[in-house]
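Multiple structures are listed underneath, in structure tokens.
Two complexes follow with subunit A in common, the first pairing it with subunit B and the second with subunit C.
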Partner chain A sequence: MSIEARERRQPWILLSPALTAVVLLLIVPLLFIVVYSFWLRSATGADTAGFYLDNWKKVLSDRFYRDILFSTLRIAAITTAACALLGYPAAYFIARSRGNKLILLVLLMLPFWISYIIRTMSWINILGTSGALNSLLLMLGVISEPIQMLYNETTVILGLVHFLLPFMVLNIYVSLEGIDTNLEDAANSLGATRWQSFLQVTLPLSLPGLAAGGLLCFVLGAGTYITPVILGGPRDAMFANLVFEAIIRQLNWPLGSALSLLLLAVLGALVLIYNRYLGMSQLAKGLG
Partner chain B sequence: MDNTTRYERLRDRYRNGDISRRKFFGLIGAAGAAYGLQTPFAKYAMAQDVKQVRFDGWGGVVSEAFRKHAFDPFTAKTGITVVDGTFPGGDEYLAQVRASQPGEYNIAHLSGVFDYARYHNFDLTSELNLDNIPNMANVMPALINAFHAVTPDSLSAAPYDYGSTGLAYNRKYISDDEAKEKGAMLLIDDAYKGKIGGWSDWRTRVWYGALQTGQDPNDIQDIEAVWDAVRKHRDLALKYWASGAELMSLLAEEEIYVTEAWSGRVYALQEQGHDIGYYDPPKGFGWQECLFVIKGSPMEACEELLNFMLDKETSIAVAEGQNYPPALDPTKVDLGKKIPTLPAFDPTGTLAGLTFANPEYWNGHEADWSETFSRVQRGY
Partner chain C sequence: MSAVTLTDIVKRFGNFTAVHRMSLEIPQGSFVTLLGPSGCGKTTTLRMIAGLLDPTEGDIAIGGNRMNNLPIHRRNLGIVFQNYALFPHKTVADNVAFGLKYRNVPKDEARRRVAEALELVQLPNLGSRYPKELSGGQQQRVALARAIVIEPDVLLLDEPLSALDANLREDMRVELKNIQQRIGVTTVFVTHDQTEALAMSDLIIVMSDGRVEQLGAPEEVYNTPATEFVARFLGASNIIEGTCTGIEGGELSLDVPDFPKLRVPRARAPHVTGAGPVKLVIRAEKLTVAPRAAAATDGFALDATVETVDYQGQSARYFLRAGRHQLQAINMIDDHLFAAGEEVSVRFRVKDCAALPHEGQ
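Moving on, here comes the complex of A and B:
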């Protein structure tokens, strides 16, 4: 075998374990879901195998699913915007701090050591009728009776921001770390104020990190299931909750498969748009 | 039949001269090869190991009672380990079982005859050998007959306990008299807007919707009126709870003042010192729970566990621990002092005072009503 041929094969040999895992654990199950989405649910008993478009017609034409999908995208967008507003100053502070950067990064990673469900449930102890915040306000005499703060869309967004903020901060931080600080100094020496140098130099250069963090927050937020269950009221639901209900509560696996594929398609399209204009390399840096 | 019994029967045939030594070793070798080939890919073989049986239940105080009063003593007596898992609801569990290998799940603490019928429809029923469960003789006939209506010639489960889903209310804000006077209407009382809860289970929501519109839950004539009642409850409710632990937390923390609730969980709250009242409105939701043996399970080990759990001493201890009356017939068995005080307890052993869901009726509407509830819940 020639050296060129060996060099051509080498990456594939090195990639083969990962490719095998992706095919077996992602592609094959996904194909099963695709097949399932064309089956029909029987009222009781096993599903009817075959090629039926009923589930797809229902999912694409029913206003109910469309409304919940838009509501999910809206909540994900609000969450992403909140993460960006809160995350940028934090990332900037970490990137520009001297000496204690490692400690700050460890603190940023600290929430990942605690289960996401536990972190979400902690808001019940903070915002509940007899939670920490109400107790404090009562003790200070600010309120005479507890305020109902839990189980609404705001608390769902709060829980999501709590969950997703570290992803945003990390991505922006990586981007800010890669900016040569001499550029800001150069802008300042040319007469720009600190605010102007930030707006015209630092912020534009850090936008890829902001976009990568935004994509991660949006995709993870739009696919969330547990936060509305724990912190939402009776009406609050996101699209993943509908998938859960179709598959688990209604035992309608074919419809649940079609719903999950629709969500996958919408979020996949978003990733493709991102990749078209910004590329995936920034995302890989943030995750790394 | 489990693998050990199969081997013992083959060995006996060899010793009795029914088969040759060559054939005996040939069959043992073939069995070994088959076992070696299938074990890495199928969990069935693990379940056939009668050193272990898997049991799935409702978690919380119920699972604690089962572990303490039934599983640990059973393991000490027989050497068979009971691995117990939990589920938040019957629907979730059925989805897991459907996606599993035969034998992966063995015994489940299922609720309602409609669950029994659903498992039967999915071809998940087994056939118990009642000769191996002599303690079944003490079980109330009314509970056994309900299962025979689904599987007339066999049983796949042993009835174990029963209870009701009635009204739980905080006595600090709602008196016993008010609860009795308003009944199911308490759940759609504007005066308690934002302090009302409810189970996120479509059956319970529809059942109470039927009561609130003056209809028979097992023969609803005007389902649109029921959905309107469900909508009204949705708009007044703060939270749909999804587990017994969440129910207890919401009531104990006074996030809600009234909800429908599982009788045993309310009793547990009362035992903890919370001033929570409980009232079963007329035609309140009664249910029975069973120990259901899933098709593909090691039957003899499961039957041994069922018999142990139906033993008077075990059954009473578990009932007192989980706060639900046992399936034992109170006219045949002395149930002690605590059990007659439990909510929903029926001293007659006929259960005529409780209204159970008609499995045929409710399972027949499951596809339609479960999906409609999903929409109604979201504001439609």
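Moving on, here comes the complex of A and C:
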């Protein structure tokens, strides 16, 4: 075999284990879901195979699903904005600090060593009726009886921000790291104050990182299901909770499949829009 | 009046002293070079003038005004960075216009001045391009245009030529000097390249380990180095230990082992104060290698053997053994290239000899 032919084959040989896994564990199950979404669940509880549009009609026309989809997207958007506002200064601080960057980055990653569920549940110990904050306020005499702070949309957003903030910080950090610090010095020397040179130079050059972090936070936030279960009240269900409800509780696979495909389509469209304007390479940078 | 005055400047980073007590006056309109190897404190000094670093001690004045606590954006300086530091998301014209925005220059005038600056650096018609679409040399010119369009009090150049390839570097050297002379801006240039320093400067400040080794016009620094460091750093020099036996009639009598008795003009040894150990300095290009048989014309001759030949096209560098000394000679190649092992005669004239006091005296 010629060297060129070997070199052409090599990438495929190296990729084949990963490709096999992706096809078997992602593409094939997804196709099953697509097929399921056109089946019908009969009154007896048995699924009827075939090509029925009933699930899709229900999913697309029922106001209940639409409202929860919109509220899911709204929660994801608020979470993303909060992550951006909190994450940018932190990322800037890490990128501009001298010497101890590695320690700061390890500290940033540290929460990932603890289970996401445990981290989410830790808020119950802080905000619960017998939690740290209520105890403190009672002790200080600010309040006379515990306040119910948990189980509402705000705590869901709080939990999501807690979970997603590192992703945002990392993405912004990577793009800030790529900006030559001489650029700010140059802007300053030309007469811009530090704030002006940040707005004119650093911020626009870090927008790709901000956008990549935003996309990750939004997609992960909109697809979350654990956080509303742990920190939300009965009315704070997000879209993924509907899927869980349909498939696990009601054993209605066809309906659950259609619901999950709808969420996939909405988030997929968002990714496509992002890719159209900013490209996937920035996202790869932020994850690497 | 001096444009920039440094008074007893000291810069420490923790326990490390980057610049030892340094005082300096840079005359209005002059081209001054801070020359030295990396880590000698030249860039630190430049960054203190720029306001990018605070001096630990001492005062910096520009145009007679103390600058110490004035933030960089109010100093009115033009800085050209080694990597140009052009704003990648702005066009060439927007890059050049950047400083004018903060000076309340009306739009029409700003457009005219940007065009003039681009004209001056010979890049008209490129205003709508982005920096990444330009070659290194063009980016360099844009950086220069951006720095001079604001009519700075002082132009600071931090190794601006080092990222260019050799031929372009020589062209830009000439052009940069021309532009500087045309607009007459006081310029502080940082480089480790002695050729650039000699070619461009009105005044060279040779620095080593955070100290000024010598300050003077290019010829002065080149011909009468104040220290062994300067003699070694600027060009290739032969530095040979000897003894000064006395000074009389404007000449030093030198006794150097294996050399004939030398009488060096006092002007070539301004830093030697009296009899004692000295170092004889002869530039490599002032040693002439000749065939052993040919009769000596004027000056002195030593018998030597060629050890190594470093052929450079129009010239050659010979490493020679003359008694206990190893000598270097850089000669133009007329017709004969001497070969390793050849027995030759090395000639020099006494007016090309300089003497330095022995270090530690």
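Rule of thumb we're sticking to: the second predicted complex is superposed on the first by the 279 of 288 C-alpha atoms of A that agree within 3 Å, B and C clash if a C-alpha of one lies under 4 Å from a C-alpha of the other, contacts with A are read in each partner's own complex, and residues count from 1 in each chain.
Please note the rule applied: a contact is a pair of C-beta atoms (placed from the backbone, for glycine too) under 8 Å apart; a residue touches a chain by one contact, two chains touch by 3 or more.
Just so we're clear, the structure is a prediction, and the values are computed from it rather than from any experiment.
When both complexes are superposed on subunit A, subunit B and subunit C end up sitting side by side without clashing. Using the contact criterion defined above for the overlaid structures, shared-chain residue A:Pro204 touches subunit C, although it does not reach subunit B. By the touch criterion defined above, A:Tyr151 reaches subunit B but does not reach subunit C. Of the two partner chains placed by superposition, only subunit C is touched by A:Asn188; subunit B is not. Of the two partner chains placed around the shared chain by superposition, subunit B is the only one that A:Arg249 touches, whereas subunit C remains out of contact.
In the superposition on chain A, no contact is made by A:Phe112 with either subunit B or subunit C.
By the touch criterion defined above, A:Phe70 reaches neither subunit B nor subunit C.
Applying the stated contact rule after C-alpha superposition, one finds that A:Gln196 touches subunit C and leaves subunit B untouched.
Geometry note, superposition on chain A: angle between subunit B and subunit C about the Cα centre of subunit A is 150 degrees, to the nearest 10.
More residues of subunit A are in touch with B than with the other of subunit B and subunit C. In the superposed pair of complexes, A:Phe32 makes contact with neither subunit B nor subunit C.
Between subunit B and subunit C, the smallest C-alpha to C-alpha distance in the superposed model amounts to 47 Å. Interface residues of subunit B, counted against subunit A in their complex, comprise 89, 91-92, 94-95, 98, 118, 121-123, 194, 198, 200, 202, 234, 237-240, 242, 249, 253-255, 363-364, 366-367, 370-371, 374-375, 377-380. Per the touch definition, subunit A reaches subunit B in the complex via residues 41, 43-46, 64, 68, 124, 128-130, 148, 150-151, 229, 233-235, 237, 242, 245-252. Per the touch definition, subunit C reaches subunit A in the complex via residues 50-52, 71-79, 81, 83, 85-89, 98-99, 101-103, 146-147, 150. Taken in their complex, subunit A has these residues touching subunit C: 180, 182-183, 185-194, 196-197, 200-201, 204-205.
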